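Two complexes, one shared chain (chain A), two partners (chain B, chain C).
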Partner chain A sequence: MLVHSKAGRWAAWSLFLFLFLPLFALPLLVVVAASFATHWSGALPSGPTGANYGAAVRGESLRALTTSLVTALVSSLLALTAGTWAALAAQALRKGARRVMDALFVLPVAVPSVVVGLAVLVAFSRPPLLLNGTATIVVLAHTVLVTAFAYQSVSAALVRLDPAYEQAAASLGARPGHVLWRVKIPLLLPSLNAAAGLCFALSMGELSATMMLYPPDWMPLPVRIFAATDRGSLFTGSALAVVLMATTLLVLAAFSRIRTRASYR
Partner chain B sequence: MSSTVTETAPAERAAGPAPARPLAARPAGSRTRWLWAAPPLAGLGLVFLYPLALVVRQSLTPDTGGPFAAYAEVFGSTAFREALWTTVWLAVAATAGCLVLGFVLALVIAFVPFPGARAVARFVDVFLSFPSFLITLALLFVYGTVGMANGMWTDLTGEPEGPFRFLATPWGVLLAEITYFTPFVMRPLLAAFSQLDTAQLEAASVLGARPGRIVRQVILPEALPALAAGGSLVLVLCLNEFGIVLFTGAKGVTTLPMLVYGKAILESDYPAACVAAVVNIAVSVGLFGLYRVVGKRAGA
Partner chain C sequence: MSGIRFDSVSVAYHGTTVLDALDLTVEPGEVMALLGPSGSGKTTALRAVAGFVTPAAGRILIGGRDVTGLPPYRRGIGMVVQQYALFPHLRVQDNVEFGLRARKEPKAEIPARAAEALEMTGMAGYARRYPRELSGGQQQRVAIARALAIRPQVLLLDEPLSALDAQLRSGMLAELARLHRELPDVSMLYVTHDQVEALTLADRIAVMDRARLQDCGTPQQLYRAPRTEFTASFVGQANLLPVTVADTAGAALFDGRTLTVDTGTAAPGTTATLCVRPHLLALGAGPDALHGPNALHGRLGEVQWRGATHRLYVDVAGHRVAADLPELRETPTPGTEVTLHFAPRDAVLLAAGAGA
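Up next is the complex of A and B:
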């Protein structure tokens, strides 16, 4: 306890509320409120309606939602596989080589996502691998972006892993592959799960790289939200945004349920 | 996120074939180890490094003129210089704002706890999983031309228009970036605060130090690594931010990522887009390298 006087504590709390509510709570509430409205010209929205959601869960919008879900699931699975493999391989390397590998795999975080989009677009719009205009190029760009996060969280988990378990298994004569599959991976499961959730959430909300390369028949939900707000349909856009947030949270909640079960095993 | 203890010690432990890791923990020879590292490296090379190299090459091979013609043209344009300046000052200002705000909020959550403080900490985590453009979308309803603040003003004063019209200016982007990125500072700070020994605070307090002095002389030094790490991450993320600026829809606010998008997609001027991209990478990677060095040194 830092502040002992009652008045001081109340002052700290009111400062907190004064900063926290308008900055963080208000934006989310406002988007939810707007998604049920048709007008907002006074202090509060008016014209309550559910029509925005009606439009948000059918036709093009529903397609955008499934597009986003498929993209996010596929790219987070790919990213998790590649990131875990790379992190495991990097851990076995010597210190200097591991540093290089760390730097290379974390680099996509530092490079602007728009540039990643541009680079993927430039590279795969020419002969050897012509992917421009396909769903694959969107999934590919998302995978590049989120692999960095998968790699980071798996390496952090590997560092925290107690080596006694694998040493015990190895000293009892287990082969390296067996140690990896029966000891290391199960111990890593909670972290892998957390990494998968992170990758999924990032991919669901990805806009910058997607804007650079999405084909018309593979339009993820964030692009659709932008298209709606750009032509002035702010209320439809809010409903779509709430659908996006709710879907992300639902999938994350499912992930964390699996995680608690995995950690109790 | 647990840090300090866990992230430094085992790094040394895994440093090499030391006696601490006997037997089959390190069974493979150097060649086998590289063989295992090769597939992910090749994949990364194909889908990330090769495309980046192509961007650099394209920036050097414009449709007309010599190798640096595109650079000369882009660097010469006022639009680019303004975008560069806007990007940098917005990112620096947003980072400063996030650091101050994040420090104050984390301080209250950690050291002046109130019922529901844990729920707020959870909320911060949830906040991080939402895309950035939602904030701009929300701000449109709060401070937009027809929105909450202006609506209240017109209701109260009866004037036809409210006074809040900063959303389409850099200040609107700044507000959105501070809102969105403050949790990125709060998270490492909360982790660092949870490891701070409260006995130190009690001792300082019993000895008569006022809260302000305790914050300055006890808490701040402990929080510096987390502040440095969080701050540099936010700096890089702000330099690269695209969604917030795009949703603002402000023609007056052009940052480097917006310039890349505009040149490539709206104008189909790929060499110019690639030049802007190379500059953006240089600025971001330079600062991110700094972040890694500072973070490593501080053990955060």
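Up next is the complex of A and C:
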């Protein structure tokens, strides 16, 4: 730690708790409390019940959860594939061309996601590519949004990868394809895994672009949470939010377990 | 049997020439050391053979075959680098088998050939380990085994011992010399900045400086009769003194005194550089029978104790002359006048401007 004196350490911890608790922890705790409540007239939600969860894990809500999971898994896998491919390709480019690639891939992050949603909607609402009203358009928009993050994490990992490995493999007679699958991809696995987790988490929580695009039969959970709170069902919405949070954390924990097994260094 | 030939190879990075028209031949089965300070172009030359840098001009031949345009994986070379570059996600066995699998050797032979290579480097007992579970010296042995498993005609070694501590280094040096005896057909190109490694291991040494080949010869030739001032000072840190050739009978003038040396073909009246090794100088009050008439008078600047020897720095007519003497019973006091002697046969005269 940078702070050495005992008093200084106490001060640092107090400041951290003072900032962290009200800003990060308490709101989440209140959501958890609200998800178990029937009334909220005092300072805290009251009237404990499990009924909100009963509704949150069956029927339409359960369908929204699986919709979110499928969307997030498919789009993060697509984004990871496209992002990794692009990052590997960009590495072979000259400096100027690589800058252009970097800029292109940062575009979906720089542009507000509601604009990305609108753009995708406008682009695919007419033949020949009529995707409006399908699940595909939601997955597509999520993929566009999270590919930027996949591209950036893999690019950063590639920069850190010592070229000596690739060169040693080449000197031993390995063709570029062999080097890619037997050396580069295995060495990048920890980074690919982290990128996949990030993409998944972002897609699970995506609302603004999804709002522009989702068809009635493909409604992801964040949209349902928004709809519930919008019509005043705060406690149902809170329960759905907790389910979304727990599912995302669970999947991320699974990712990080694979990560610890996949890291060699 | 195949050697390496550099045919006027030039390499440039961003307009800067890092290797300037290198002409050099490594004979089949020979160990050639590329010796030079950092930035001398020696590593670039090795990387050009490996195929990691493309020459701007010239050709590179391995075993008589022009490989200049070939990608690295089609050159059939073994390479060992300073940082080992073992694949961290593969066990020792799989690291050594990597090249054999990549080259699609018959499946049935692969384990035996990997075992043979590990046996040769004394790492047979570590096949199941991961690289991170090995020490630096062990990792370098595995890296050598991995390079040898593909039975290359040419082995490129890029400062292979630089990352090891002094004790391991001398052990590995002996090991490499043994490998060379066991594999007499393999040509080795050994890049180093350490003259001890080059003198110990190499059949011939190519001295490089500022992107150019300065000198090339057997270790004895370079040490005893360097052709350039750079070689003389880089290999063995020779003292260099400007002299004027007096006559062809072996007299040279320095500091107003006459020294007896082999002036060779140098014409009288020309300037030349006298080169004499620190350990060939002796300390004494006057001429003696052993070292003959050559004396350098000067003021003692500094005395360094180096265990078995004393290193003296003497200011001789404005030139700093280093002398390595067997450990002295009584060390002279800095600031006093001392005389250094050397035998005529221990000095070499270089024509002025040689290699500069």
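Just so it is clear, the second predicted complex is superposed on the first by the 247 of 265 C-alpha atoms of A that agree within 3 Å, B and C clash if a C-alpha of one lies under 4 Å from a C-alpha of the other, contacts with A are read in each partner's own complex, and residues count from 1 in each chain.
The working rule: contacts are C-beta pairs under 8 Å (C-beta built on N, C-alpha and C of every residue); 3 or more make two chains touch, one makes a residue touch a chain.
Worth saying up front: this structure is predicted, and the values here are computed from it rather than measured.
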Practice task
Return first, second, both or neither, reflecting whether A:Val183 touches chain B, chain C, both chains, or no partner chain.
Solution key: second
Problem - First, second, both or neither for A:Thr229, with chain B first and chain C second - result: first
Exercise for the section: Go through the superposed model and pick first if A:Ala135 touches only chain B, second if only chain C, both, or neither. Expected result: neither
Exercise for the section: Using the superposition on chain A described above, determine whether A:Val70 touches chain B (first), chain C (second), both, or neither. Expected result: neither
Practice task
State whether A:Ala164 touches chain B only (first), chain C only (second), both chains, or neither.
Solution key: second
Practice task
Using the superposition on chain A described above, determine whether A:Ala90 touches chain B (first), chain C (second), both, or neither.
Solution key: first
Exercise for the section: Mind telling me which of the two, chain B or chain C, contacts the most residues of chain A? Expected result: B
Exercise for the section: Examine A:Phe105 and indicate which partner it touches, taking first as chain B and second as chain C; both and neither are also allowed. Expected result: first
Practice task
For A:Gly8, decide between first (touching chain B), second (touching chain C), both and neither.
Solution key: first
Exercise for the section: Across the two complexes, find the residues of chain A that touch chain B and also touch chain C. Expected result: 167, 170-171, 174-176
Fill in the blank from the handout: In their shared complex, chain A is touched by residues of chain B numbered 2, 6-7, 10-11, 13-16, 20-28, 30, 33-34, 36-37, 39-41, 43-44, 47-52, 54-55, 58, 101, 104-105, 107-109, 111-114, 120, 123-124, 126-127, 129-135, 137-142, 146-148, 151-152, 154-155, 178-179, 182-183, 198, 201, 205, 211, 214-215, 219, 236, 239-240, 242-243, 246-247, 249, 256-257, 260-261, 264-265, 270, 273-274, 277, 280-281, 284-285, 287-289, 292
Problem - Of all residues in chain A, those that touch chain C in their complex - result: 162, 164-165, 167-176, 178, 182-183, 186-187, 189, 264-265
Practice task
Could you pull out which chain C residues touch chain A in their complex?
Solution key: 50-52, 71-79, 81, 83, 85-89, 98-99, 102-103, 130, 132, 143, 146-147, 150, 156
Fill in the blank from the handout: Within their complex, chain A touches chain B through residues 1-4, 8-9, 12-13, 15-16, 19-20, 23-28, 30-31, 33-34, 40-45, 82, 85-86, 88-95, 97, 101, 103-116, 118-124, 140, 143-144, 147, 156, 159-161, 163, 166-167, 170-171, 174-176, 179, 198, 201, 204-208, 211-212, 222, 225-226, 229-230, 234, 237-238, 241, 244-245, 248-249, 252
